[in-house]
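Dropping the structures in below, format is structure tokens.
In what comes next, subunit A is part of two complexes: it sits with subunit B in the first one and with subunit C in the second one.
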Partner chain A sequence: MLSKIIGSGLTRRTFLKSTAATALSAGLPGAALAAGETIKIGFLAPLTGPVAAWGKPGLDGCQIWAERVNAAGGIKLESGSHMVEFIGYDNEYDPAKARTGATKLIREDGVSFIMMLGGDTWPGVQPVADKTGMLFSTLLPSDLSPDTTTLIAPAEVHPIYNVTGVEWLAENKPELKTAVMCAQDDALGLPSVATYLAAFEAAGITMNEEPLLFDPATTDFAPVVTRLLSSSPDIVCLDTCYSDYVHPICEQLFQQGYEGQIISCTADFYDQIIAKTSKEFMEGFVFQFPDFDDPALNSDQINFEDPNGFFAEYNKRHPGEWGAVSWEYASIMDLWKAAAEKAGSADPEAVIAAMKEGGTGEHAFGDARWWGTELFGIDNALVGDWPVVVIENGKATIKGFKNIPDWYDKHGDLLVKHMKAYDQMWDQRG
Partner chain B sequence: MLKYLIWPLLAVGLVLLPHGLSFSQQEILVFLTINVLLVSTYRLLTLTGEWSLGHVVIMGVGAYASALYTKEFGVWVPVSMLLGGVTAALLAVLLSFPLFRMKGFYFLIGSFAAGEIIRLLWKRFRDPFGGPKGIKGIDPMPDFSIGIYDFDFFEPVSYYYFAGVVVVVCLWILWRIEKSPVGLTFHAVHWQDKLAEASGVNLRAYRTLAFAIASGFAGVGGALMAHYVGTINPNSFDVEVMVFVLTWAIVGGTGTFYGPILGCVALTVLNEIVLRELGFEQMRPLIYGAILILSILFMPKGLESVVQRLIQPRDKKSDADREALS
Partner chain C sequence: MIELLAQTCLNAVYAASYISLVAVGLVLIFGVMGVINFAHGELFMAGAYAVVTLYADLHLPFLVAVAVGLVFVGCLGLLMERALFRPLRDNPLGGLVASIGFLMILQALAVLGYGVRMEHIPPATQEVIVFSDKVRLPLARLYVIIASVVLLAALWYFLKRTRFGWALRASAQDPEAAELQGISINQTARIAMFIGAGLAGIAGALTAPLVSVNPHMGHSVIVTAFIVIIVGGVGSLEGAVVASVVYAVVHTFVTTFYDGVIADIVGLSLMLVVLILKPTGLFGSADRA
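Let's look at the complex of A and B:
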């Protein structure tokens, strides 16, 4: 009977078996790799459109990572050494297209692991992840919940690491006492607003007024900046604005004569901001994403291999395109590779078990621990040190590393309070 | 003879179609089926001469309404889909009061503004709309069996059959409406509005009727999408998606019932399958735009004009044969 063939009550196992039966068995999650077979990794992120800046540079970084790993003999599993290949799918930051992409990568391309930007696209993919048991990663831990057992956030604990910038600011510029903040009113902006509010409160910095939330479709930032500056703040916080907002906001701040402190989660393509404003204006700008040619990344605590060489190669191939995510997906791959080699297998279940063994992992910026139950309902976020970056003489410079769990141990209640106020706790989301 | 065979052949073709496709193409087929309904409803609205920029938002109203009926009130999914369509139609009636005080370009801008207001409301009111992140964990269509076939709605083939039946029924109703006296009046409202008014036709009432019908069926399309993807957010129904609908309608042509459907199918296959398969993943917007410009330059009457050219010679030949026989 057709109904028998199609199968009722699809489970993860029957799904995988039935998929295998359709002559697409190569590289399926759970299926053992043949000796010498290439390991395929899915890259499911926006490669075009307004959010592409947080997708495409990551894929470019991964290509460099793959070439380095392949040149060094590939990934060594029980079945032998395997070359690695990335297969990209442009989800255009659309949940429906992300679902299609996940289906393609798993059922047709036979990938062993899928990296995503996450955010709006994760809910579209979650049913596919639930059915297949495929291991996914996200850059946005706000996607995590107790249901997302095969989703990990091993690169960045956005937006929690933003507390480190504020903490550094309070320690090094104690004269700054008041702040204002603006953010786009969306899934990236709101949890970040809650985090900055907690960080400012913990640092004893007063908010002059409520955070100014603007519509993501905003293109004219003059009124936004005028309102921000109306209370003469010591600090202007740009939250986790997309680079399409950070650039015009900085331009407006410059044009409206602001000379105070600016803090932001990102400053992608900051050289372009400097070109539009001035080196003096951008001096002291605090953010969270370093250039990987920074000497501070050569210290022993750093687990990302040859960051300076990676940065040089990236800039050679993609001049002027280095951004916050250029290294992040590659760093996730470092973690995945180590776990797969430890497990001796690319099977998602085996890899995640090896990855989380002992409750710790090797994050790009140092050893870290799997964490998150209070905020995300599950310990699937890898948290440790995070750098504080300051623009000095036109160049991003790491000023130090701060420990996120240490901050949380002292001020976690503040973070939970503000997250709850913005409906950003895992049990408040959707 | 062929005239009588074409529909059964088409039906068989549509039933067999997903089995000749890859898994991801089956997924695309589901969304294509829903988009066919969307663009067809848009054409019904354009029959009265008004082009809206808020149609995708109205589709979203159906999606949000259906999702909320199931999540908040536990309404059975198929019923909530219908209610989603009804909600979209009722909202369209409400919107028609301010919007149909305008015509032409002003209506276009007014519909855009109305759509943006609705989207802002979704973003602003986290309860119940979920704010910018929208609603997730939307109940899927419940699985069922009809003996020879078990419908598992996680699988795109099952959902394609379900959505296909819904869309075919909706298209048939839209077709019947267009061919009815009401549909002819829609045409009259567009092309001969003064004459129609002089004949006692209430122009505003007919415009409102077209708007409500189109919105209702678009709402059903939105509900179909919401219960398949399992999540919706305000960005799923933004003006960028609306531009795609306009493009499908313009490239396909709006002179015939099948024109916008042709545009939707051709451009979706091109954008989602051909260009991706050819390895132009990141260049798709560029190539898509170029093809759009070229098609407008060299096929100003849309793809439907190509079909008409293919059909016409045969019709003329048939006429000639008939004349010869007589």
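Let's look at the complex of A and C:
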């Protein structure tokens, strides 16, 4: 039956849209909140499965955020003060489950805003967003396109911020001239490959060979590392590999005798990598996600409230589980709360208008601007400074903040060139 | 270039070792019981979690944890035989479906017990045998290679030279005739499940410090094992070993000299070519195919 429908010219996207439309046509929950009613926020991300490390720690962080906000009196709208509650839905990084989850969160739970990891799951959710006008957020701005008017990327501009690590490396270790790179062949890995290629080219660092792609199901990384090291590079770049890959790759680099520079988007649970290798091996490892006990986060430019206290509380509740996304969803909620209070309403349209008013916003790492038309076809990514983090004496340390738009103003053409080469521009993605 | 080739060969030998342990266990279970055990990857995962518990959490010696892992997963195999496969002995499809259900149960138990995060396992040893600047063999990988050779040799001896081994082979060739000769089908099934599951368990236990241990780690292992047993010939232990070596060499060399995505394509193409040219596999016989 389904094949007959599809055979008659119905595309998968149209099928998804019509399914979502049917499911939602029974009527949407009203966005207006009664006085004292709890504001519900949807958390639609992988809570189990291989990508759970970029979902579950975020929900844990949000619970801490909600307790802090509720203890301070909640979110103050025109209808009065409202407590806030997160409703989690495990999409297992599956587009169909994400679509079901979005529908459930909107229709049954009456959420006012939905946060997602994005990536492979966004195409399943987009028809629901189109139909309902619900405000969604993603951690991956590569989900953005001119059609995604109610999707924002306010926490991170993955993978564009990776340019800051390379730029810092070129400034501080100019003797490093050659690099190699490996990445999983998926929606996270490829745009990051293009970004690192642009950053290396801008920094005058030569790639010894084409980036080495591997299947996301890979478990034995010895052949990958053997290949990477065969050209004796100065820098090994681990792209945006999941932590399940970063750990065994680092271990292999250590065991195969590599002693050079490593740069990576993330280094989640880096203490475990040190335990498997050595403190000396990991010294100087460059990545992009700080521990929030870093003194540099206490400076005036930082908009995330009490990062040190948040980090301490998180580690008390979830020891050893702090990762790249532990703070990100909470920082999105800071933005959402500020916008909702400014608008006096939790209505998605009012919130997004308030959030983007003036074209600037308070990003966790400093004031930033809504940006992205050239790369994403829409200015729905909040971009500003991003930290460069280096492991020193076994501890992640912020070495400085670098401005992403500044880099783009100088080298944007390179980024566009490499994004196009990997079919990662918004008008190239299927 | 010679160093690159030598290091790639060492990588291939390691890959062949753990793949053959898993694949031989899967073939043994199918050969004796006629059941395709979809939960075999999760038995591999259970072996890895045994090491997480005993070695990483309770700080028992690594080799003790591995030995307990083998026995523990072997006992899981006995449980599967008694609770799932014996009642469904005349229904191979039912056994397959039951094994899928068991797979989900094991995954759910791992999630409940350990969470979804990747487990941290301290290295069993950080010592590395250095042949040259760019040719190195970590001792932890050598353990896997040695264990594989010893266990597969022991299995060969057991099957070819012992009474129980003859009974097992007889049951695999013709269960009814074996039963008429007084061989207990239940007993041979128990032995096959214990050994088959135990091999997956020890493969998972030995490689646990070398891979990312998580509740879903069995998936890629079972896919590789299926490719290997199809290439080697379903039901053929020799075929499983030879195909493991062939697959590991091809996959490792293609990954090193091209990339990992192409290596997967080549691995699957290898299976397709064998299926087209010799549908029973390299060592398979028509009655088992």
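As a convention for this text, the second predicted complex is superposed on the first by the 400 of 430 C-alpha atoms of A that agree within 3 Å, B and C clash if a C-alpha of one lies under 4 Å from a C-alpha of the other, contacts with A are read in each partner's own complex, and residues count from 1 in each chain.
Methods note: contacts are C-beta pairs under 8 Å (C-beta built on N, C-alpha and C of every residue); 3 or more make two chains touch, one makes a residue touch a chain.
A quick note: this is a predicted structure, and the numbers were derived from the prediction, not measured.
K.L.:
Regarding the shared-chain residue A:276, is it in contact with subunit B (first), subunit C (second), both, or neither?
P.N.:
A:276: touches subunit C, not subunit B.
K.L.:
Given the touch rule stated above, what does A:185 touch, subunit B (first), subunit C (second), both, or neither?
P.N.:
After superposing on A, A:185 lies in contact with both subunit B and subunit C.
K.L.:
Please indicate which partner A:248 is in contact with in the superposed arrangement: first for subunit B, second for subunit C, both, or neither.
P.N.:
Second partner only.
K.L.:
In the overlay, answer first, second, both or neither for which of subunit B and subunit C A:47 touches.
P.N.:
both
K.L.:
Considering only touches as defined above, state whether A:342 meets subunit B (first), subunit C (second), both or neither.
P.N.:
In the superposed model, A:342 contacts neither subunit B nor subunit C.
K.L.:
First (subunit B), second (subunit C), both or neither: which does A:215 touch?
P.N.:
In the superposition, A:215 contacts both subunit B and subunit C.
K.L.:
Please work out whether A:56 is in contact with subunit B alone, subunit C alone, both, or neither, and reply first, second, both or neither.
P.N.:
In the superposed model, A:56 contacts both subunit B and subunit C.
K.L.:
Using the touch definition from the top, say if A:257 reaches subunit B (first), subunit C (second), both or neither.
P.N.:
Only subunit C; A:257 stays clear of subunit B.
K.L.:
Find the residues of subunit A that appear in the contact set with subunit B and again in the contact set with subunit C.
P.N.:
47-49, 56, 185, 215, 217
K.L.:
What residues of subunit A sit close enough to touch subunit B in their complex?
P.N.:
Its residues touching subunit B are 1-3, 6-10, 47-49, 56, 88-90, 93-96, 99-101, 103-104, 107-108, 120, 123-124, 126-127, 131, 185-187, 189-190, 215-217, 423, 429-430.
K.L.:
Within their complex, state which residues of subunit A touch subunit C.
P.N.:
Contact set of subunit A toward subunit C: 47-50, 52-53, 56, 185, 212-215, 217-220, 222-224, 226-227, 229-230, 243-245, 247-248, 251, 255-257, 269, 272, 275-276, 278, 320-321.
K.L.:
Can you list the residues on subunit B that touch subunit A in the complex?
P.N.:
The contact residues of subunit B facing subunit A are 22-24, 27-28, 31, 120, 123, 126, 130-137, 140, 143, 145, 147-150, 152, 154-158, 225, 229-233, 235-236, 238, 272, 276, 281-282, 284-285.
K.L.:
For subunit C, which residues count as touching subunit A in their complex?
P.N.:
Subunit C reaches subunit A through residues 4, 7-8, 11, 14-15, 111, 116-118, 120, 122-123, 126, 128, 130, 133-134, 136, 138, 141, 209-212, 214-217, 219-221, 223, 251-253, 255-257, 259-261, 263-264.
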